[in-house]
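Down below is the structure, laid out as structure tokens.
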Amino acid sequence: MMDDLTLLGFGPDGWAPLLLKGCLLTLAVSATSMAIGTVLGVLLAWARLKGPRWLRRTALVYGVILRGVPELLVILLLYFGLPSLILSLSDTFGWEAPGLPPPFLVGSVSVGLVSAAYQAEIFRGGIGAIPRGQFEAARAMGFSDLMCFHRIVLPQVARVVLPALGNAWQFNLKDSALIAVTGLSELMRTSLVAAGSTRHPFLFFGVAMALYLVLTTLSSTAFHYGGRYSNRWDRG
Amino acid sequence: MGEHLTFIGSVTAQLVRAVPVTLLILAVSGVCATVLATGLTAMSVARSPLPRLVQRTWTFLFRGTPLILQIFMIYYGFAMVPWIRHGILWAAFRDPVFCTCLAMTCCCSAYIAEIFRGALAAVPRGEIEAGRACGMTGFMLLRRVIAPSLIRIALPSYSNEIIMMTKSTSLASTITVLDITGVAQQVIAHSYRTLDVFCAAAALYLLINATLSTLLTALERRLDVDRTPTPLAPIPPTLEPLS
Amino acid sequence: MDAAPQDTLRTVVIGTEGAFPPWNITRPDGTLIGFEPDLLQILCQRANLRCQLVAQDWDGMIGALQAHKIDVIADALQITPARKAVLAFSLPYAITTGVFVTQKDSPLARMANRGLVLDLDANPTPERQTQALAALREELRGKTLGVAISSTYDAFLDKYLAGVITIKSYRTMGERDLDLLSGRIDLTLDDTTYLRPLLAAPDAQDLVLVGPELIGGELGAGEGFGLRQDDAALAERLNAAIRSAIADGTVKRLSLKWFKADATPDLGPDPASTSSGTPKP
Amino acid sequence: MTVPPPVLTATNIRKSFGDREVLAGISLEAREGEVISILGGSGSGKSTFLRCLNLLEVPDDGQIAIGDVQAPLARNRHGRLEVSDSRAAARLRTQTAMVFQGFNLWPHLTVLQNVMEAPLRVHRRDREEVQATARSLLERVGMAGFHAAYPKRLSGGQQQRVAIARALATNPKLVLFDEPTSALDPERVREVLALMRSLAEEGRTMIVVTHEMAFARDVSSRVVHLMNGRVESSGPPAHMFGADASPAFRAFLSPAAL
Amino acid sequence: MTVPPPVLTATNIRKSFGDREVLAGISLEAREGEVISILGGSGSGKSTFLRCLNLLEVPDDGQIAIGDVQAPLARNRHGRLEVSDSRAAARLRTQTAMVFQGFNLWPHLTVLQNVMEAPLRVHRRDREEVQATARSLLERVGMAGFHAAYPKRLSGGQQQRVAIARALATNPKLVLFDEPTSALDPERVREVLALMRSLAEEGRTMIVVTHEMAFARDVSSRVVHLMNGRVESSGPPAHMFGADASPAFRAFLSPAAL
């Protein structure tokens, strides 16, 4: 028992600093990738609903592939595959070899790319749930597509998609664990390393679960209030 | 180059033999999670507070922690509990496939319930009131009026979830199940050709998922009454945090 | 490319998992300790390398090497022919014997030939060894054996125990040990370097070493550093350093410190040409 | 002549939204075969009152009985009125039907299925028979050619007519109509009014919120004028549209003579 | 007296849904200050026609011009008419406004925001000025007390009045009304009609689908009767409601005299 406390403390034998650092990294990667995923996801959803034929197809194929392939592969390909390709190209053509991209960026981008594919589906469902009359009323007043989206679709879609976006966010939190392959010590890897190095798997996995729960609670509180706000016109 | 292709060919052949395991886990946990999620959704709108609390706690726990940790805790953690290890349940908990299915059912049911809950709130109030006004209650109202709209609204997100589940089955490999990923990892351990093997495995997952999403999209089309989105009115008091 | 002379200083990045005691362990402050970090410190000095040790998840290890993110993998890699298709290896810097472990109250706890060392390379095979392997086959019939996925016992198991036992692969040794304790597997086969320190730990009181110890042959040629195949220059430098560390007993000292056993490999005589990174059997 | 038994008795119904008191104590008794028109300004609480009658809206206070069965309303711990037994409420509702102001057709069912749904599923009647009734009702509202259409493809008036057919399909004792002819042209209005008149003659009880003065005057047996959440005046049409109607009601009517 | 310039010219509009031909070639010209009432049975295509006029529905055939700007309709590869330039279409629409049969208020905006949205965002007018206009319009439709309410909480008639205010807020050249008084009580009907009459006097052009014969007769400058997808007859109200109206229109009207 004493032993456990030492292991989790801030002392020289305590893992607390590393675990907290891991937590922060997890949060940072998830938030970055969520932002990338949301922006790209909205664009993809829009492309699938309103784009010209080729764009609709492209968005569809993007979705099928990025959702269909395990996330780990996306990260591996982006982080190692792409630089290797560039490396061999630059070897062939005698260019200056570019350095490896920063792991944080690649990690966030790859998780974001995957997340975008999921979020596109969520937004598509959400937009589909808005009564047609709402668009028509806007169009009849001369709203452009973009304005219609910004002023009419987005506020209404928010309440429909928030629970599903909450899911996507949770997933992002956990997908961020995969970027350990780029060498980043986020929460999951830190706890794996700690478990391996100290041979106390249950202790550290238990702590990791608790920390994930803390992150979740914080974020779902945010989603809760977001949901309440986006829903203010429908209560009572 | 030729050697490369032969290698990928033989790896693929090995991986294909593991596909049934992956599909089995997916099918069992997919069905169980959906059934459980339906129950959880019903609990979330129950009149009395207890079922609501159970639903919220369940969602909080299983949605809030990574599936891999849940699998780990169920597989290794329960084995540390004497009454499970020496009880009759051990026959089940001994089996890693069972443990994976159990963990995935719990985890995914929380996600799916959340999707259903959002969709439920998005079913137009007027339609439900029309059902009530002619004397429908409980199950009938659910089956005849709510479910058709709910399914249509929930389907895109639900498809998402099923596809995520397909990929999550790969976590079974961490507790010795020889599914697609399990076999892939074994091959990698002997050959160190991480990227090649992962690509072959990814192709298989992609195939499964493309098939699934084609089926689900077709279903979505069939359910869509006239290819135009359903109008709807209200939505949910969302995602209340556990107080 | 850089076939520079031995005496120019070169910076290399060395990747290790950092969660594989006692080979490499992460301290709570993030520093890496263990047999390999200790050894590398000495080797780098001798090879005139400025080494930087980084922790890296195993799934990305090979990719990182090939993308020039790291130059050396030091993660208790066992040298096998299949792996050589992808990686170049240095000379082995340790060789370990394989040994079985089971629970004290298991019927297997009374396995025969305890402590007998079977050298699978021995030629001709001694009578005693043939008998011992036959006995092993009988004793293990119908049992379930767990191995860590990164270990290299499969070739041995395929050859001597195929069709007799069920094999389960684990992601990490720690997880396999948990299952050994829970009784999902009957026994495991692993390196003495890993198992001896484990059995000394208080939570492994129920475990016991059983049966013969295995060495050579299908078990591989020992643990070596993984390198890019085109980085022969680095292999040469490391090989020379490894030879000297073995010759002056450094390896022995460190392995006694971390493994509680001598894991010094026998490299045979130093060949005139060092162009090949493979050790002579 | 004996007085027919009451089909609906609502006593002192109150309902507020926030601090806007919409119904300030309304009582109404409808006897078998009566057709009661409820008139009143926009936003005067007509729809709310109708929705209270079949418990879609729970009143803050008051009592409701269908036939001699009391609606299951009881106060909860916090003193708010609540539906205390949802099965009993559903049972009561099987005897009533409602045409909504916004129609509320089920989008996933065709016109014919919309009409057949309640008698088939709730009343578990024979399919053949239900189908025959549904077809004849759709015929009577002029929607015979639209059996297989989905509601979304119908014009406003067509949806309204389907909603009327749906309400009548269960053969309910009491029908609540919320502006049943608002989306209809004069020709259709006449047809629907004729239909309602024939229902009245069959002895069905109807409560009709309407802005159609012709209907109130010619079909209904009683006219109720709501104002400021109360019954401002009520009586038989001959009285209400006659010379000694209340001044408020006369003011309300005057523009109709525009 | 000079003839005012045409504000809307629709030529030979055709539209079918599946094999149901709803509009079989309708032409209509509306000159500045004209108020045109469109009458017709339920399902006769009135809403569809109105929706074609501002391209919410793309006609199968025909031409539309607002002022002297031709609507951007062109045939695609498959020979189907399409909106060829959605920016141009949006620009045209800024000059028209529409009151929908189903109101289509934006549920996430309050009453005041609903009314202010288009002039603020599309026309980029000054906020102060827009707000003043919006308030005065809401006042005129009797919704002054509801600025901060969300549409869901409004009664049918209240929503309809907000929809009217919203349409007028951009000060459009041409206003399309789809049954603007269907959900209103006689008192409100009178108010709305008065409002429309004053708009007509300001010289605004209006096309009004209505079942309110009083409106058609007293406010409009021309009455158009649709039947079977065509203009069955049309003319000034004096003529249409007079003795020599077409028999079909007389038959359509007769029940109004019920």
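Every chain is named by a letter (A, B, C, D and E) in the order it is written, and numbering of its residues begins at 1.
By definition in this document, a contact is a pair of C-beta atoms (placed from the backbone, for glycine too) under 8 Å apart; a residue touches a chain by one contact, two chains touch by 3 or more.
Keep in mind that this is a model prediction, so the values were computed, not measured.
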item: Chain E and chain B - chains in contact with each; value: A, D
item: Common touching chains of chain D and chain A; value: B, E
item: Taking each chain's C-alpha mean as its centre, the one farthest from chain A; value: D
item: Far-end chain from chain B, centres as C-alpha averages; value: E
item: Most extensive contact between chains (C-beta pair count); value: A-B
item: Whole-Å gap between the CA centroids of chain A and chain E; value: 47
item: Between chain B and chain A, distance of the C-alpha-averaged centres to the nearest whole Å; value: 18
item: Whole-Å separation of chain centres (CA-atom averages), chain C against chain E; value: 84
item: Where chain B and chain D are represented by their mean Cα positions, the distance between them in whole Å; value: 45
item: Contacts with two or more other chains, residues of chain C listed in rising order; value: 59, 63, 175, 178
item: Junction residues of chain E - those touching two or more other chains; value: 102, 107, 152-153
item: Contacts with two or more other chains, residues of chain A listed in rising order; value: 72, 76, 80-81, 131, 133, 201, 234, 236
item: Chain E residues within the chain D interface of the complex; value: 17, 39-44, 47-48, 101-102, 142, 153-158, 160-161, 179, 182-190, 193, 211, 213-214, 218, 251-256, 258
item: Touch list for chain C against partner chain B, complex; value: 59, 62-63, 80, 82-83, 85-87, 146, 149-150, 152, 154, 168-171, 175, 178-179, 181-184, 226
item: Sites on chain B touched by chain C in the complex; value: 76, 79-80, 85, 94, 173-176, 178, 182, 185-186, 189-195
item: Of all residues in chain C, those that touch chain A in their complex; value: 17-21, 25-30, 54-57, 59-60, 63-64, 66-69, 172, 174-175, 178, 198, 201, 203
item: Chain A contact footprint on chain B (complex, rising order); value: 60-61, 63-69, 72-73, 76-77, 80, 111, 114-115, 117-118, 122, 153-157, 159-161, 163-164, 167, 170, 181, 194-195, 198-199, 201-202, 205-210, 213, 228-242
